[in-house]
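After the structure tokens below, expect a handful of questions from me.
Letters A, B and C mark the chains in the order given here, with residues in each chain numbered from 1 onward.
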């Protein structure tokens, strides 16, 4: 088994931590994992992205050229990476952006993650909504592993947000379940 | 052994250094090594050490010189433009035979270059870099785990030979997070003594001297002969490399650092999907370069492909090692453009096609 | 009646008595060495001192001082001394630098060591030219002064103005002690020694960075007889580089 992802969006949308939660949880579930961030000026106000791999085998190369999953939070990220998704792969986007996806050979899920996060009163948890959606598609990481990963990824001074994050993840799962139904 | 931790290469190197007994770090910020510097700033003081942000890389390496001369395990880290500025100090450290560990997280050049990963400092790292006939021991990890292991060991190697050990990294492995199992912590007080260090004369009748000036030509010649003898010993004892699928390989790929990971992915794909018998030869010590091991491996193959994130630097050492026994080809990209696995696959296919027996150039 | 002989002078134990220095006749580098060595001996710290020699005529200082020494690259002595002091905070660490070394190629290192209040002592030899490389212009060369690279005299329009290092460093908050002395006659040599002692005293008390600038002769490159060179210091250098203590730690007189 190997799962490869690219998570991309504006800096500050939590794309790096989304990927990191998956990698950390993957590690505690016994997978070989890697997480590679974009670096440099890309991070300054522009787009940020990270490459994530979970695998049964040692990871050959932490770069993900062609992800099975693209999670895109904004148009520039979608334009940059949509063509790279493997045929038969999937793209998760913020609703409203789906029109920009021209590919027929991938599954496309447009989810109102921002709107959902807004309902929790904190748009910062939109990344967790997307995480929940991805977990619904790929039930390979247990709740405990995810919670533990969250605790490690999120800085201590934001630990009061943990219940909110978990709530957002559950909401994401529901959204995805509805989208697939 | 401890637990596996998900860590960035930069942080793994910093923590491994502290566990190796390094308590002194002098550095100057530069992307993409700043996380190493910041880790040291956060952790050293609390563990009985000193972190100092220098006014430049020139000063940083000279602070390292002073601290190493005073007998401490000491480290600095930088990226390419800063590494250029350190060459003067590194040359002096070679002359004065001072041990220290230096990390260069290479970025694309020349000039201010870019911030993305590259391997274009190979010449500078392995051929001396500064003035004079000297070598740094150059170790090139290809993962955060290996980076931690090599940094940890580097302090012992540096002390053993009284020589600078350079960790030549790139921002893929410096910034990627992978599981890392950290080595056990060592107490600096338990490390072997350095009777040559300048710590104050104390009871000694003769002062100790840390110096690289020899005004009499015969004396400088004698120093150089001593250094060369040491370098031969290092070549005999510290040459490192790794191999994957090289037994009975028909072709060989030579790559180091993160490029070796890309090559590995490409080779895995070709072996799986096309049954091509390609092996990977990965130099870990870039100086001393594993020439003999490579020559032995290359001998039975039809061709060798060197892959680098440069326009072709290590390939010169590969050619020197192989000595024309089989064709040596090159594939590389640089400036921060990282070759894709498919490009690596393509490059290997090209080499295979060109070196099939019917195409092979006869070796005279 | 018996006479007991009492020694009135003994060479300092801080310098090797068996070596003749390589300095030119009439050069006051040797005087500065002796003052430093005497002070270290009188303070009883020779055994726990680490010195840093720099690049210039004093590059071989490590051959004369009987203390552990490191030889630094041109201009980098304050950085090297910083490295030593951070590892060995209870040792006495000093750097000995010329004006080309300290105020040209090494200006960044000295300013930042001073700004950090690095607890080291710097002995700064100002001889208004590059002695070792045979008399080129230094950052301290006076306007109008002839050197091998200002053959018609230093012209500010082309080569700018001399730097007053002690005053420059005195603008910083880091230093604990800054003084400028001169080596042109006995009275001033004794005064210089008092400054040097206070500088090391400041270090021993952990007060931070200390520097003593010493106006020093270079008869060889100034093209003067040794005695004329001392006159040159008095008549030309002292008026431009006023003597005295610029910075003293509180409680020090």
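Convention: contacts are C-beta pairs under 8 Å (C-beta built on N, C-alpha and C of every residue); 3 or more make two chains touch, one makes a residue touch a chain.
Only a predicted model underlies this, so the values are computations on that prediction, with no experimental measurement involved.
Q: With contacts counted as defined, which of the two, A-B or B-C, has more C-beta pairs across the interface?
A: Here the pair linked by more C-beta pairs in contact is B-C.
Q: Specify the chain with the shortest distance from its C-alpha centroid to the centroid of every protein C-alpha atom present.
A: Located nearest the centre of all protein C-alpha atoms is chain B.
Q: Please report how many Å separate the Cα centroid of subunit A from that of subunit C, as a whole number.
A: 63
Q: Please report how many Å separate the Cα centroid of subunit A from that of subunit B, as a whole number.
A: Computed value for the inter-centroid distance: 34 Å.
Q: Using mean CA coordinates as chain centres, what's the subunit B-subunit C distance in Å?
A: 40
Q: What are the residues of subunit B that contact at least two other chains?
A: none
Q: Help me check something: in the complex, which residues belonging to subunit C touch subunit B?
A: Result: residues 46-50, 52, 59-60, 62, 65-73, 76, 79-88, 91-92, 108-109, 111-112 of subunit C touch subunit B.
Q: What residues on subunit A touch subunit B, complex-wise?
A: Residues 20, 23-24, 27, 32-37, 39-41, 59-63, 65, 152.
Q: Touching subunit A in the complex: which residues of subunit B?
A: 4, 6, 31-32, 114-116, 171-173, 175-179, 258, 261-262, 264-265, 268, 338, 340-342
Q: What does subunit B use to touch subunit C in their complex?
A: 24, 26, 50, 52, 54-56, 58-60, 62-72, 74, 88-89, 92, 96, 198-203, 207-213, 215
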